[in-house]
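Two complexes come next, and they have one chain in common, subunit A, joined by subunit B in the first and subunit C in the second.
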Partner chain A sequence: MKHFTRLAAAAALGALMGGTALAEGLYTPNLAYRTGPFAATGIPIMNGQKDYMELLNARDGGIGGVPVDFEECETGYSTEKGVECYEKTKGRAIVTQPWSTGITLQVLPKTNVDEIPILAPGYGFSPMADGKVFKWAFNTPLSYWDGASIILEYLSQQGDLKGKKVAFLHLDHPFGKEPLPYLEMKAESQGFELLPIPVGLKEMQNQSAQWLQIRRERPDYVIMWGWGAMNAGAITEAVKTKFPMENMLGVWWAGHDADLNLVGEAGKGYKSVSWSFPNPDAPIMADLQKYLVEPGNTLSNPEEMAGVFYSRGLVISMMLAEGIHVAQAHFGKGEISPSELRWGLENLNLTEERLAELGMTGMVPPFSTSCANHTGHSGGWILEWDGAKFTKASDLIMPDSAAIAELEEAKAKEYAEANAPWPMNDDCKM
Partner chain B sequence: MLYRTAGQFKTSYQADQALFPIRQDAVLLGIILIFAWAILPLVASEFAYQTLLIPILIYSLAALGLNILTGYAGQLSLGTAAFMGVGAYACYKLVTLFPWMNPIVAILLSGVFSAGVGVLFGIPSLRIKGFYLAIATLAAQFFLVWLFEKWGWLYNYNASGAIQVPNLEMFGVYVAGPQASSVVQYFVVLGVVTLMTLICINLTRGTLGRSWKATRDMDIAAELIGINLMRSKLTAFAISSYVVGVAGALFVFMWRGAAEPNLFDIPLSFRILFIAIIGGLGSVLGNYLGAILIVGLPVVLNTVPEALGLPISSATVEHLNVMIVGSLIVFFLIIEPHGLARLWALIREKLIIWPFPH
Partner chain C sequence: MLNEIFIKPFADMVGAPDFLLQVLWEGLVSGILYALIALGFVLIYRSSRIFNFAQGIMVVFAALTLVGLHAMGVPAWICVILTLGVMFVLAVTIERVVLRPLVGQPDIILFMATIGITLFLIGFGEIIFGGENKVMITSELGIPTDSVLLEPWGGLLILEQKDITAVVVAALLVVALLAFLNKTRMGRAIRALGDDHQAALSVGISLQTIWVLVWFIAGIIALVTGIAWGARAGVSFALEVIAYKALPVLMLGGLESITGAIVGGLMIGMLEKLFEIYWGQPLLGGNTETWFAFMLALIVLLFRPQGLFGERIIERV
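Right, the complex of A and B next:
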């Protein structure tokens, strides 16, 4: 009983005081989701992120000699848990990685007040690219609008889009609706017919109604903005309705090896845009083998490590580590503060040479950020499923930056007005 | 000992019918109120506000609303989350259409809209009962969430389809939105919840509450002794939906800061129903106890391994958490099927007659 009281007292105290346990180093929490409905897609990414930071600790003793304290806070992809994790970690954290559009939307306005940079690689709100308005938010290296633009660019390379019919199969959720403004704008200027087909959260696994509509409308292409169970549902439905797989393209979150493994050969030709690619010959993979796999310090397995999502996790942590590295070099100290990391993320310059130095050639396109450009707009590859794995089906394709920048500026302004008084990034004179 | 009632004589009917016939109850409540209003704000951290105090209060209020309908009037409802959504969206439209409006007035007004919708969906209750009525409220749940998704006007045609709480000022202090401090939000929530609880306690003790209970216990008998069933049921729907709507507005404006339609989907309805059932149907206190168990306990459990320095991964903690909370729910329901409020009532009874049990 005495023991129990002490336990309860410790718990109550801990809860009231917030996470007070102290650890040394650069505290970079990750709001992970290894449980819940999206765990299958979450685990490989989380493993990649964790392994990269642990590799840095094991191989180089951290970044700039300071160990990285990479901690996961489990959210199960639930917004409520996400906010709990954010509140728990924000006291000491130099960055927050929210990992869901819902959590991002909630944390985004708070980061301005708490002054913590928010790193949402390849997800979140596309106008975050406008660093003049979103001082603390980063969505390197590509936003959803960039992704949509690259897909349209690729399709135009296959033949003029004028008069074609493009179905946009998307999750009926802020994430799925994100590229709509861009696609609508482009449908008008390029003269194709856009057919948005929403998939409700409850219909993810049973999309027969949506695919019936696709069969009736006979679109030339299907662009898919799916996540979690929706991808597997759509791909199996497409195979069942005998939709030509080569005319189906997904966003980077819809390019998960496990989803395609379900259909195997039948999924041949399916494409997904991506800003990361697994390169088994990259020096980093050998280092991972030596420092983590052989001593048995990884939660991953060889099959997962060869996949697209694991390598994406590596790339995400690399971008964060690089931001820390740049900030350390600029401010001349090891233990950097959140606002110093913000400067670092704003001044990323990942050239081909730098990527080679990091041992990650070919795993992410080179890009750089600035105070006005918080995305980097690196460009991406179209990956194609060959029946067993994803292969690169195109050279690097760049998004239509001019059209996107215009839209970004307008939407960012709208956001700032709706959230007035919104602090702008006045130091940025670009 | 603590609950000695000896020497507390009632000399008038009024004293006998008072809210607290036993002095110790009033003292206990006083202590809790002092804690909530004065001591907790002095010691609580940002984390405690955002993950424990504010959500527990809001969930309690939502469960209180449901309890009026299900616990007192006996009308089973599975649409609580949708009515919360009506409150939240109404509040969003009010503050964006009339930016000069006082946020607290807007929150209290938004309940009126959910009350209207609640009455509308309550009309079937005049003909159907029990599980059949539950299905009718389930229809409200599906329909309203669908409406939140499809009716662009509700979210001001925002591209993401979500509502974002703007910064709202009141007497020069931010009370909602990212600029608002947690202490201010806590006091607003506490104020509204205290007020609502006070009203609800007195409503359930009064004529209206008695007619609800009569309807719940046996509607034919109630009708025979002259209770207008239509009035009784529809007022239960209206007042319940009003409270739930206010809770929904607080949920988004004082806590979440942003909301997407599927937030108000069935899992939230079930969560609130669980709070009401585990706390105890037909009680006011139970809602608070239930919310502490279902909303507060997992948060506290999550911090235990870290506070003790145990090296358990975050995902494992989450799994353990689900198991512990789940078994606690089963445990409490086995030892007292009528909920935590009844458990407290039994303890109180024992304390009163202690040390001489019959």
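Right, the complex of A and C next:
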């Protein structure tokens, strides 16, 4: 009921604000998924994203004095609905945040024509990092290939991977298959056996067959590329199968506190790579408390706000806001166009000092982008579940940039040829 | 290749019988839960010829109500009773608001109405309970959560106590349901309505009462299914998609047959696991459970269009 009251209040507030101050401003729609099988992953992230923009409006009057018109269009993680949302919002939008690798792949060619930047933080098509080919797409601060690379680097630190068997448990969906080219390449070069194990959408909560295969094959490690309900399904089966939790690592979307709460202590030792981390002492958290929590203007709750995913939502909106800020400063105006935002996103420079200014020290590794590098390749931490929460289990680990760059270039070229005539970023001379 | 298809799988089964037992057990657990969902469909179809598309979301709604009430501080078993009350109110509301005005309409209209109920319950449920994954109150309900480790033939067989509980409770529910349908007046009334609507009405059986009753029973089944599935991987709207696994069960067993739902569920549960482990994963890269049950049902339909236990309809023309 409390949830209902909050939603009703938010709807009323949204309607009121939508009709007045925020009708004009920086229109930054978010193709959100608060409903459907992936809602458990989506809700805390969407809350974090929304709260960051609401905070900028409440505290600073927006970005550069221009209010942010942050609107959600619900997709339920459905590619068809996502494309509809893109079409519906593209008229006024200065950015599109597609929120699924499937939707990203669908709108990728359209954004070239419509000239709207795609911001897909930590998801989407990994070769989007190649800004010379993908002029309008950004997947800061890490791509899926970066994530796979960091996981392999961490595993290599535990012992040589040569001769080891690595199971790759993944959602049978474009998102889940995305790191396969990189993992296959590394399996060959590093001499480990890669065992891909797909999980169908209808089997997410009943993965007994997949875990029977894991029991039979006895892999040394399980890398999990899970999203939404798949994570909880896999972790409960891992506990049931008595797979050693310390040998199971997930992508950043498989490191959600709520999924691990299902197994609690039994999940101790489970790890996840991450490019964000909550910092309860960061000044931004005090500001959120003052400007949103105390007036009752957030859909979140204290438990969620302390978690990894809410914090990631804040970081995602911060990256977008920073892109807007950089563009405003460069072009000398508040209201910016999509192409000006594209320039801003291409010139991000999030140093430790800048993160401190933003009140977000320690919440994301420093990184910068360029016209050739649309990802930033920030590096990531390995987080470990201690039975009640995620803690940092490693220092910052950098991806194998050389190996990734080679693959990115090849696959970007392949994509451009398959979608010819593909407009290249000829202005980029790097 | 012939060796991979015809010899190796069976050699693997004989070589590791404990693993085969584990596969069969996992198939049995999945199968009995598929059967439970299918039973909900069959009951409503038998009494009203309505294919209830909302059965899946009823599972989610019942489970969410249970954990939602518990989160408000209500003791676990009181939550069960209150959830049953909610499912009864839902049954009455559906009968009054949706079904009664549509009496006499073509089957497709009633089917579409159940799609409407599904969409309503998704939206209503998300507004009330939110879309986050929730922990089922397994231990609070007294369901044991440890594992039983057996060592048949010197191997290892892991049986989750909550799975054993689910199998036992589901079996008891089926027995109780069969006894209710065969031994009580109301049960016989449901069957009569399923056999011949007009004849049943002519002897004074109340359509409205029976519809409320079957939707309520479907609600009870949904609650049991929701507890069993929720105990495995949490309660979220993703549970709804599991209901689609009941469709091939219905095709295989027949839409009107309770026996068909049970046998069909168990067959599909066990065969899809056997196929996935011994043929699907080694030969096809896995994830065959997505389509295997439908293929099996399709093959059965080629030879028995009414399903294994469905009634053969012969019409004079």
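One rule holds in what follows: the second predicted complex is superposed on the first by the 408 of 430 C-alpha atoms of A that agree within 3 Å, B and C clash if a C-alpha of one lies under 4 Å from a C-alpha of the other, contacts with A are read in each partner's own complex, and residues count from 1 in each chain.
The working rule: a contact is a pair of C-beta atoms (placed from the backbone, for glycine too) under 8 Å apart; a residue touches a chain by one contact, two chains touch by 3 or more.
Predicted, not measured: the structure shown is a model, and the values here were computed from it.
Using the contact criterion defined above for the overlaid structures, shared-chain residue A:Gly269 touches neither subunit B nor subunit C, since it reaches no partner. In the superposed pair of complexes, A:Thr35 makes contact with subunit B and with subunit C alike. Judged by the touch definition given at the top, the superposed model places A:Pro181 against subunit B, while subunit C stays out of reach. Of the two partner chains placed by superposition, only subunit B is touched by A:Cys73; subunit C is not. Looking at the shared chain after the overlay, A:Gly334 reaches neither subunit B nor subunit C. Applying the stated contact rule after C-alpha superposition, one finds that A:Val113 touches subunit B and leaves subunit C untouched. In the superposed pair of complexes, A:Leu201 makes contact with subunit B and with subunit C alike. By the document's definition of touching, of the two partners only subunit C reaches A:Gln213; subunit B does not. By the document's definition of touching, both partners, subunit B and subunit C, reach A:Asp172. In the superposition on chain A, subunit A positions 7, 34-35, 172, 200-202 are in contact with subunit B in one complex as well as with subunit C in the other.
Partner subunit B is touched in their complex by these residues of subunit A: 7, 10-19, 21, 32, 34-35, 71-74, 76, 79-80, 83-84, 87-88, 90-91, 101-102, 105-106, 109-110, 112-113, 125, 172-174, 177-178, 180-181, 200-202, 411, 418-421. Considering their complex, residues 16, 19, 22-23, 26, 29-30, 122, 126-133, 135, 147, 158, 160, 229, 232-234, 236-242, 244-245, 272-273, 276-277, 280-281, 285-287, 289-290 of subunit C touch subunit A.
Residues of subunit B that touch subunit A in their complex: 43-48, 50-52, 55, 149, 156, 159-162, 164, 166-167, 177-179, 256-258, 260, 262-263, 265, 299-304, 306-309, 313-315, 317-319.
The part of subunit A that touches subunit C in the complex is made up of residues 1, 3-4, 7, 34-40, 42-44, 172, 196-206, 208-210, 212-213, 215-216, 228-229, 232-233, 236-237, 240-242, 258-259, 261-262.
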